[in-house]
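Scrolling down, you'll hit the structures one after another.
There are two complexes below, and they share chain A, which is joined by chain B in the first and by chain C in the second.
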Partner chain A sequence: MSAATKSERALPWALVTPALGWTLLFFVLPFVAMAVSSLTAHEAGGFTLSNYSQFFANPSYWQAMVNSLQVTAIVTVISVLLAYPFAWILAEQVPERWQRLALMLAVLPFWTSYVVRSYSWLLVLAQNGVVNRALTGSGVFGEPLQLANTRLATVTGFVHFFVMLLTLTIFANLKQLSPSYRKAAADLGAGPVRTFLHVVLPLTLPGIMVGAFLTFVLCIGDYITPQILGGNNELLMPQLVMMQIGRRGDFPLASALSIILMAVVTIAYLACARWLKIERA
Partner chain B sequence: MRAFIRVVSGLYALAIYGFIFLPVVVLVLFSLQATSFPIPPFTGPSLRWYEAVLADTRLTSALVNSLLVAVVSSAAAVTLGFLSAWGFARFALPGSGLMRGLITLPLTVSYLIIGMGLLVLFNWAGVPKSLTAAGIGHVVINLPLCFAIVYSQMGDHQINIERAARDLGALEWKVLLLITVPVMAPAIFAGFFLSMTFSWDEFVISFLLTRFDTTLPVEIWNLLRSGLNPKTNAVGSLVFAVSIVLVVLFELMLLRRKPA
Partner chain C sequence: MSVNPKTPNPTVRNPLSVLKSRLQGACAAAALLLAAGSLAQAQDLNALIWCDHADPALLQPFEETNGVKVNVKEFEGTGAGLAIVEQSQPGDWDVMVIDSIDIPRGVEKGLFEPLPEDKLPLADLFPQVKMDSSTVVNGKRYGITEKFGYNTIGYNKTKVDPADMQSLAALTGDKYKGKIAIYDYYLPVIGMAALAIGKKTAELTEADLPAIKEELLKMKANAKLVGEVTASQTALATGEVDILVGGGEWVTAGLAKENPALDFSIPKEGAVLWSQSLAMFKDSKNKELALKFIQYIMSPEGQARLATSSCYWGMPANSKAALSDEQKKILRFDEQPEFLARAQSYPAPNADLDKKMQDVWTEMLQAQ
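What follows is the complex of A and B.
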């Protein structure tokens, strides 16, 4: 590189600077602005920690975080438990030539609009919706059940989305597994159940962890699903954040709550970082 | 035992497919009925609500806005992502790992927080809410994705082709345009396509950063205030149809590239 001319040395910087600049200007700087804002008093101005102390002092704010963590944990566990067998069936039981089609079908609604998907669940779960019609029509229940605007509705909407996402990641994981592992286990006398429990499952566990973490991050930060399906009966953190902006224009408090939410995600990441081996090219 | 596993597998897969398709089927089915509530019983096909959607200028202009934001922001994201990926893959830069980490960092932060940050910043800087502001946010979320896709596909065999071109006297910009871009076309296309779908579907950033002129997801959100409404079903079904066409096109293109 010593013989390189000035313009040749400038070239790599000219290539990477626009992307770096964009990230600094529209990602890092906004974050700094948000952090500074979270330390100012709404309307009165001046620096204060009151936005953060409010979160710990106000039980309803605290409750929103508890709700968020509970819903996210439930959604992550149910989604993994539903998606794993499904991905396994697609990868092992469906003939090779149909797998691509089967997988594409399994994630087709994944490509519909996120807002519309939540609304569709509202249709299904409404007071006079399909599920209630089926339940009352078949005589299982006399009265229609309150399904919409509940935590159950939020969880259902989330699980629907994440089952598709996790099926994709777990399927890819299972397909990457070399068949020689299974052959070796069979040669050593293991039946299908033992092979699965002692070979296939442990080998796909890192992939499951990555998928579960992705579910956690996307779920805890989502505003749409709880707002449409859960309603305002029980607030989750993103709803609480949006409420500060929408109803009260309180940017400092909204910023502080966002940063607290982000801190929780970061802590979760650090807690399971040793299981998360996100591959680098 | 084997037959038993097959039967159980088949039933389980059927149940999951049913769960996955239930909301979509209900959405599309009840978009096709003329009554003013999209609820059972189904009363026969009608295109009444599709006509209502196409006659609604708020929805149609939101659709145009969405497409515009998606195309422009994805083009910007893939351009920035590609150039930086090329820079990092071909040249040894000091602090390269750190800078690559910085570019991919937005992937780990939720859209809500990215939108909040931009809202606070723009509010302070006096930048008014607009489609451009939302587009800037969409580049922030899609740039790391485009960068990661293109960067992961830059292999050694491509370096050799570029080297050959340089040895034959091609200037850097010619190498870039005539060699690297065509060779990397699948990755560039994949990045652009994924960005398009994410931008097309993105809600919270657009919700926070636009006001009167807005994107389709935000306009659909506004429709939701009126509760269950067959017009929402119709516009949702149309959005679904557009996405399906895009995905099928994408699949066909991928299949064609693969040697049979």
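What follows is the complex of A and C.
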């Protein structure tokens, strides 16, 4: 093998080494440490599976997973339903020269801190907040509703954030769609609704699924929003994980719960990848 | 940057040699910075603290008097604090603020240095908060109580009948349903539930947990939210709720100026006494400075500043704290002997019971 060939073969490895090193250092090693910790008995040390068996034996822990999945599913569906028309209006109805500004306005809430945004929602939804004042002031309801510190508040906070994220992924997908597809469909006699259902929607599904998967992953692992807006009236998995650390410092149980959560995310990924083939997108 | 016209034209240099010389320069600068950093570190005090110790009004006088810098790192929960220590190098930390009941945990791990009792104002402390059962291990003092207060009923006296707040039964009755928040920390609120059913907090066993759980579920059914410090404080201050289970002077005193309607009671069943202590690390490289810091915090001036910290107020452990009359009134300083007589100790379960208590708390949170 010539020196030139050797160097040609070494170059890709040299280029990819920093990324591999980064992944090894900041993902693989912490993950292995977490996996080892999850198999260790708290305080006493030594191998144990009890951290995992606790999750399956304790209905409150199970309930946290059920709550997390329910909230995540609701948030993902509502976010897609709101983001798609929004992205479509931006891509199709807003003149090209205004699209940049419109997009910027759409993602404006991203510019504020996530925590500040969550506390702002708490004030908006509070008993004396804008929403309740509007509802009682207009006579729709005689008494203020309990909006803050509920699952509804958690979902609202999440949807506000994820609609922006999904709008961006769907908008990008819509913009990549060649107008020829729609023209061809029209030539073949399809009306706007049929064109949308049979041409545009299937072709933008990868964008929807990528956005939905990102929403799922970010939502199911989020601690801040349910903690601030949910009022701890139900526990989600990230809150359950944090609870093990605070006073007792039970890192093994926290690690086991985190790995179970990661397993669920992995299953969701595999499901998305298999059904929608986003790995080839 | 201007170029001196008298300077001879520089020779065109190999880019690699330029890069090399710049890297050498950068390394030299970094080495200098590190050296300066380590020098500064030797003169610094590194403290693992709760948020009340981060107040500049508390730290600055000590820093100026001793010509040192106090580096602080905040944490919440003993487990999180001990995890920080475990992930650090021995000697990284000099002092730590810790729940008084958790001092034995640190001693078991071999973290703390015995404190010289003759150099601390132990005689000036309120006797009930010295907590010798926790702060003294095997005859040696490893911690000193610096601040205390009560997990009890915090309330808005313009919205509820203060007479109702004299009994824990008000928390589970129908009168204030939907007007209650619960402080999200299992030990003190479990202590309050125990008091409500006539149990002594110092004698809780696993057999008491079913009855405690039942009481907690009744409280939850009446509650609008279960919130950590900021959330529960905000809920009470904004009128979202009128009563905070587990609240006390640590919630109401700091807000007294903005909202004088907030108050707390020590109900007839009693309240849970919380206390925080200072401990010195065995591996501290600045033990002399660490002791000076503890002495400062325990001095009448330091105690007054700590008691009225911007993060949260609380009673100073030193009865000679240099508080103003107004501050004493807000903290209900003169009523302390009576309060202390009725307060019960913070639950201090062993690891097994602690885990079971947390599981009961989890069940309560998940209950609909």
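FYI, the second predicted complex is superposed on the first by the 253 of 281 C-alpha atoms of A that agree within 3 Å, B and C clash if a C-alpha of one lies under 4 Å from a C-alpha of the other, contacts with A are read in each partner's own complex, and residues count from 1 in each chain.
Following the convention adopted for this analysis, a residue touches a chain if its C-beta (ideal position, glycine included) is under 8 Å from a C-beta of that chain, and two chains touch if they have at least 3 such contacts.
What you see is a predicted model, and the numbers here were worked out from it, not measured in a lab.
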item	value
Superposition on chain A - do chain B and chain C clash or fit	clash
Partner chain(s) touched by A:Pro206 [first = chain B, second = chain C, both, neither]	neither
First, second, both or neither for A:Ile228, with chain B first and chain C second	both
Contacts of A:Ile245 with chain B and chain C, given as first, second, both or neither	both
Chain B versus chain C as contact partner of A:His160, first or second or both or neither	first
Contacts of A:Ala64 with chain B and chain C, given as first, second, both or neither	second
Touched chain A residues, chain B compared with chain C	B
Contacts of A:Asn128 with chain B and chain C, given as first, second, both or neither	both
Common interface residues of chain A - those touching chain B in one complex and chain C in the other	122-123, 126, 128, 228, 245, 251
Residues of chain A touching chain C in the complex	42-43, 58, 60-61, 63-64, 67, 122-123, 126-128, 146, 148-149, 227-228, 231-235, 240, 243, 245-251
Contacting residues of chain C [partner chain A, same complex]	76-80, 82-83, 178, 184-187, 224-228, 231, 234-235, 238-240, 351, 354-355, 358-359, 362-363, 365-366, 368
In the complex with chain B, residue positions of chain A that touch it	8, 11-16, 18-20, 22-24, 26-31, 33-34, 37, 82, 85-86, 89-90, 93, 104-106, 108-109, 111-117, 119-124, 126, 128-130, 133, 160, 163-164, 192, 217-218, 220-224, 228, 238, 241-242, 245, 251, 254-255, 258, 261-262, 265, 269, 281
Interfacial residue positions of chain B with respect to chain A in the complex	5-6, 9-10, 12-13, 16-17, 19-24, 26-27, 30, 37-41, 80-81, 83-84, 86-88, 90-91, 93, 99, 102-103, 105-106, 108-114, 116-121, 123-124, 136-137, 139-140, 143-144, 147, 151-152, 172, 197, 200-201, 203-204, 208, 216-217, 220-221, 224, 228, 232-233, 235-236, 239-240, 243-244, 246-247, 251
